[in-house]
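Contents: one structure, followed by commentary.
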Amino acid sequence: MEEKNLYPTICPYCSLGCGFFLEVKEGKVAGLSYMPGHPVNEGSLCPKGNASTEVLTHPDRLLHPLLKTENGWKEISWEEALSLAAAKMGSVLQEYGPDALAFLGSAKCSNEENYLFQKIARLLGTNNVDNCARLCHASTLTGLGKSLGAGAMTNPLSDLENSDCIFVVGSNFAENHPVISRWILRAKERGAFVIVADPRRTPSTWLSDLFLRLKPGTDIALLNGMMHVIVSEGLLDREFIRKRTRDFEGFERILSEYSPEAASAITGVPAGDIIKAAREYAKADAAAILYSMGITQHISGTDNVIACSDLALICGQVGKKGAGIFPLRGQNNVQGACDMGSLAEYFPGYGKVGDKEAAARLKKIWAAEKLSEKPGLTTAKMSEAARAGKLKALYLLGEDPVNSHPDSLNVRKALEKLDFLVVQDIFMTDTAEYADLILPAAAWAEKEGSFTSTERRVQWISRAIAPPGEAKADLDILLGFAEKLGLGLEYRDAGEVLAEISRVVPMYGGITKERLLQAYRVSWPCPETGHPGTPILHTERFNTPDGLARLIPVEYRSPAESPDPAYPFLLTTGRTGLHYNGGSMSKRSSFLLEKEPELFVEINPSDAQTMEIEEGNNIILETRRGSTQAKARLTERVSRGVLFMPFHFSGTNMLTGDALDREAGIPEFKVSACRVRRV
Amino acid sequence: MKSKAYERSIDPASSTMLRKAENEGIETAWDRYEKQLPQCSFGQLGICCRNCNMGPCRIDPFGEGADKGICGATADIIVARNLLRMIAAGAAAHSDHARDAVLTFKKMTVGEAGSYSIKDEAKLTALAAEYGIQVEERSKEEIAAELADALIAEFGKQEGPIQFTRRAPVERVKLWTKVGIDPRGVDREIVECMHRTHIGVDNDPTHILLHGLRTSLSDGWGGSMIATDVQDVLFGTPTPIKSTVNLGVLAEDKVNLVMHGHESILSEMILEASDDPEILKLAKEKGAKGINIVGMCCTGNETLMRHGIPTAGNFLQQELAVITGAVEAMVVDVQCIMPALGTLTSCYHTKFISTSPKADFPGTVRMEFHEETAYEIAKEIVRTAVENYPNRNPARVNIPDEKQECMVGFSAEAILAALGGTPAPLINAITGGAVKGIGAVVGCNNVKVKHNYGHVNLVKELIKNNVLVVTTGCNAIACAEAGLLMPEAAAMAGDGLKGVCEALGIPPVLHMGSCVDISRILLLASAVAKALGVDISDLPAAGAAPEWMSEKAVSIGVYVVASGVYTVLGTVPPVLGSSEVTKLLTEGLDKVVGATFAVEPDPFKAANLMLKHIEGKRRDLGLKP
Amino acid sequence: MNERIRLIIADEKKCIGCRACTSVCPEGIIHFSEEGGMRNIQFPGSCTLNCELCALNCPENAIMFLLREESNIEENIEGKLGGKLEGEKKAGENRVLLPDRIISLKLMPCRKCGATFATLKEIEKVRKAISEKVPLPSGGDFWMELCPGCRRGTFREKEAKTLLMTRKF
Amino acid sequence: MKEVLIRPELCMGCRSCEIACAVEHSESKNLFAAIMEKPTPQKRIYVEYVPEYNAAIPMTCRHCEDAPCTTVCPTKALKQDEITRVVTHSTDLCIGCWACSMVCNYGVIGRQKEARVAVKCNLCPGREIPACVEACPTNALVFLEVKKLSGVKRTEAALKLARGMQGKAL
Amino acid sequence: MPTAVYCDLSRCIGCRACELACQRENKTSRISLEVVEGLAPVPVSCRQCETPLCTAPCPGGALRYENGRLEYDAEKCTGCGLCILACPFGAAVLKGGVIERCDFCPEKEIPVCVATCPTAALFCAEAESFGKNIRHRNVEKMKKILDPSIAAGREGRR
């Protein structure tokens, strides 16, 4: 057998940060090997992980910088491309001021790249920088930030095995983060009680001991109902509340309206089940809450997150082994992109834009004369501004807003309206079709850099193979772009960028390339060299000024849209096990595509019967924003009156609304009123 | 499901008592056995180990579960270790019995054992000669004192052979030395057994078993043989005598005192005390026509063969004697005494008197026995029995009618005497083919076998085939009860044996004593072998223990085999869990000591195995088939 | 070695239509097609290849070769096949050129999905082989009437049924 | 129907049931002969140990209604009697595919290695009481109808109560 | 060692990583997973029967039961496909004249489907280990209903 070299790497798909080895033969990827020693996945990989190498070798990869001309795309040199980009952006800056520029970072790119990207934006004088975390977990940042002082997962995933009760709400982990099932099952083997609250009967619910089938968007009612039970039955951890939290008094009052019966009326979950769930959660020695986009992607997303946090706090289920709050992030570096300040309202390390002190600190390190003090535009606002003509130029780093953002018709309009659009990606996307300039980037294994997984684990990926064609590492492209802009950013490699990051971002203080290469498993906060990292947060104090967590009462609000006679169905969206987000990667895997080739909609068989829809029929779905066609899939997974569509295929987000969470600006992907008819 | 009384014993007297027990709601060993069923399979196969407190460990005999103990011991190791411990315990029982006899003997020589005296001077002189003790011009007490010291020294002998082992044919001794199993002092060997079986010492099954052979030899040719010979010197070497056996020997109108256990030291004194006029007078006063002393088990064998004292039964009849309701006192010393007697005697008027400093039981009247005041204590014991006579409830008395005459007391010396002072007639009978060979049938009773069924049928089958049977222990009593110990039983024998018995006026089954007296059988075998000029293993002889149960029997079995006698066991020893040990015992030992074990619960088939073996040996010796 | 023309003679009675010959033929000159519930195996009349892979791989020994030059070829063929073969005899030569032969075998439709999946003869052979190995009672080999896909499906459904019995949610 | 019911609180973990089962399903039905037999006799009851409680639980076929093992068995080697509900297994028909073992919710379908077939409890045909039950020294295994067992348990509980009351009265 | 790839169905989440891994390793996926009614995922692959029916009609001895396992010799395979017709599970397919069935990924330490399974539902083991696992799980369940007083009692017995 020929010699194959094994390169350790981290899966480029979701945020768990699973490790595996790339088999490289003669500079080409020959396959992958499992890594049983990796602390997150213990060698296992979900289907997407298994298909990840197909991305590297796919013929659709962008190989050259492309310029849009009247005769279609024209290959140009890097020199031309970067000069053009700098010139165009520069002229917009001159003509309309910095806030006519916007930068959309990528949760798929490394910490170093995101850092550099936002640094470029901020040095140019704008805070119009954001990333797709806005679409999934912005509410976690704001919600947990408010209550606990840190918007991140409190415990490592493997710690789930120490939990005695796992409460999963709004997360179909079994399909979206399959490896988590491993840890949940391990907890179950030890006798843990698993509660899953979801409107759909997903594979995650198969693993549960108690399934709460709530109506979409009624999470707060459920959580408040549970807390009502806990308070009225005296199951709360009074000592924890006294020592570690504040504002309990006001908090307690609001719960009185959420008796299990009242909660049951809103959520559709039997009152008995709410009581049972509350008791199991509160009585467990260590209980964990897992949540994901079923909590965050609502207009009440931030409140939903706070409700989860409240539940954990009143039961004292935070800051110890097996107990904590586990927001399951989406992208492989969504945590890192946020940490790096790829956010309109936060500097790197979560210094608030507008906070003089934070700005001063940054100015000093960056040797910048001044930084904008005005919070920038979030993704949705960018689209709005572009449509209004206020935003002129946009630099997209590995993003596909046409597919991944809600209300895609409006997104398309916005993109059309732009004067100049640069798209830096590895594949041609629907969004890239609108670009003026396309820059071919390197995929994850073709470059180096650090990535921060959902459990705050910072891991280093080394370059295993060269990028195809003329494609370049994002970092190199950005450095070239900055040079053309005359920003004078001089870094030799990602390691040097990380060295600066460790000075700028306090919790990365002790994280260096050398350290990550030795043991690719450091969890932040790691404030200084030699610090072992912090797998479990909040063990002693919370990250708030007084060290106490806040108990914040939240009220149930009905979703922005509810089914009505005109639009009688409630449409919810999510992911399937085989595809990933916009699908620009997963749909390029022949296998994944073969198994899940097209857009489908899950509909309850009895609804289907009423509508005379049969398995496999093409049906048209319409919302107030648009319509799309999909294959009907009849299944008991969804209850009557509910439809489910994955968002991997273009079409789904034509239907979703653009109602936003007022604090985090996250769109309500999860609930839309919808009507259905056969083709 | 309770078995019927007639299914439990072939002896009508015993069946009668079992029915009585059932009617009275009395529990016996058979009932307790049935409550134990099914018995633990791990135990039956010998594959559980409790030698350390990491355990208990056990091996799955069907290979699905554990194949090793915690320390790593395999089934083979565990079985071998357990077997060695059984041997050690059996050897300890015999040799400790012997020690008591020798110590009494020693005390007697210094005048501390008041009432004991030397009854067989000839044997004393012979033994002294064996030990090279000067006999000329010395008083018998002087000789005895020196002999006693020499015998006491045998127990703790660290190096060098036990003197009595040299009674074996030279070839045998050579073989033992070659294999490395020529025994040292029995105390040392037993201690070494316990050491070897401690966790982490000896873990090679063959190596362990070789020490088992050695230990058992130190019992057979040491402990047991010393016990026999010293008791002969003290109480007389048995000579043929007639008596009666079975439960019917209990007397309806006399004070019945049952002596149960193994040591003669006690029984001899009780016999003397029962003749005390004072006591006899008391008995009369209490309304009894006299005092009826009867034996039970091996104490029974001892008094039977030395004094013709009737014997009430063997091991499994101990409870039945009490159940007659006619026993005033059950006096026990050591070995094979069921603790159940405590509860049982409390259901009747019987006094359960324990006497040994070593052995006490629940529900006993304690009357500890010491040589210095032996007679006084014995008298006190008999008095207690007599005084208990009025408490007897005649309504509950039911003494079976069955009693059987028997001729007993064939010590090796007595057999020689019966043959006219030389083994020649026997040798001639064997070489001539009238007697095919010698069968040694011994051993206990065991509830797993219908009481006496194995014993009696096996013996009958052997004599029918012209095999002269020598017997000891519970088998001897079983044979006696079946009438096989009468010269008239020759009628049941084959023609050849019948002729020899009729000519000599002896029974076809010769009673050689208690279980400790199997040493007498070894001596007889040695004598015959020497006369034929061969090793014991060449003799047309075989052994059997059809109903064995005790650890003593294990030790006996092993020393008999180690001495060269093929032995058939009637109940399965706890070794089958190890194929290696089983193979060694049933095949491998032939290469080591020229004899092996066989297991055959069916007495007829067992007899066949023995006959086949005897025929084989005859063929090897070139004798007429 | 001279290129010799050999006649391929396939025995219609023996052939079960397994297609082993079609898959091993290095030149792919044995074809098969399925239509109208029949599987047709098309053998060329002759073959110039110096191989006998199709004959070697035929599980029923239904294929044999004859050299065209062999004498009394008609007899040979007739003798071996027990029937008369229609061949073209060239004038003046004792040679036969056989036309392409098609063996048509009836296909079995899957009882569940209706798709044909094997010839009746194949099924019969396999049934017999199985019953010699395991004494299945009649109807004990229900799966023989299903296509492999439906067998998987049936088994899957059975397992799923047992799983759903224990699954609460 | 009568079932082999388990009273874990009485189980000493002696594994007598396992051995009795293997012996009963041997050629000779005799312990000493069975251990030498080939193929090795196989038990169909399993004593599982619960370390936390230092207790053991014997597990054997429950003869489920609508038994999953019979559903998936392709060759009908596993069959359920319609009336008695006893699930039996024919070694002749078994092809050793272990589909049954995959769906058995109690994990009590074992494997005869040498014969390469499944083995499972057949409630000892020809015996009034299954060997395992008979072998149990503490009556942790009983052969009863479920209803009856509840009756037994009630009686026991009542006895316990009564004793407790007596104790107090004294 | 007659082992097979088994699935603990109660753990399977129907993610199909097994199919994908197998396809990557063996070009054709030899394990097939469908989610019945969207609720019950069941992977099907060669059961590695101990009395395999597929060997019965095999003419060339390419499939045979040897050394305690089902052996396949592609050299001897005639590609007649009769084995596929014999299999009750439809667990093998004929592709390019050879039989595609689970052979435990001989080049890997453990079959890739087992290695990749996120929930460890798939495992490669001897047949009897399956029952053992389930029994242990049942013990865990029964433990909860065991009377705690027993535990106390047993302590004394220990």
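Letters A, B, C, D and E mark the chains as written, and numbering starts fresh at 1 in each.
Convention: a residue touches a chain if its C-beta (ideal position, glycine included) is under 8 Å from a C-beta of that chain, and two chains touch if they have at least 3 such contacts.
If you're wondering where the values come from, they're calculated on a predicted model, not measured in any experiment.
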- Query: When you check each chain against chain C and chain D, which touch both of them?
  - Reply: E
- Item | Grouping of chains that still touch (sans chain D) | A, C, E | B
- Query: So which chain is the furthest away from chain B, centre to centre on CA atoms?
  - Reply: A
- Query: Across the interfaces A-E and B-D, which one involves more C-beta pairs in contact?
  - Reply: A-E
- Using CA atom averages as chain centres, what separation in Å is found between chain D and chain E? 26
- Message: Can you work out the whole-Å distance between the CA centroids of chain C and chain E?
- Response: 32
- Rounded Å distance between chain A and chain D, as computed from the means of their C-alpha atoms: 52
- Note: chain E sits from chain B at a C-alpha centroid distance in Å of 62
- Query: Which residues belonging to chain C are in contact with no fewer than two other chains?
  - Reply: 134, 141, 143, 155, 159, 161, 163, 166-167
- Query: Residue numbers in chain B touching 2 or more other chains?
  - Reply: 64
- Task: Give me the residues of chain D that touch two or more other chains.
- Result: 74-75, 95, 99, 102-103, 105, 110
- Message: Quick check: in the complex, which residue numbers of chain C touch chain E?
- Response: 18-20, 23-24, 56-60, 118, 122-123, 125-126, 129-130, 132-134, 141, 143-144, 146-153, 155-157, 159-161, 163-164, 166-167
- Over in the complex, which chain D residues touch chain E? Could you list them? 8-9, 46, 48-50, 52-55, 57, 59, 74-75, 94-99, 101-111, 116-117
- Contact residues on chain D for chain B in the complex? 14-16, 18-20, 22-23, 31-32, 34-36, 40-43, 110, 134-135, 137
- Query: So in the complex, which bits of chain E are touching chain C?
  - Reply: 9-10, 32, 34, 36-37, 39-40, 42, 44, 51, 53, 55-57, 59-60, 78-82, 84-93, 96-97
- So in the complex, which bits of chain C are touching chain D? 134-137, 140-141, 143, 155, 158-159, 161-163, 165-166
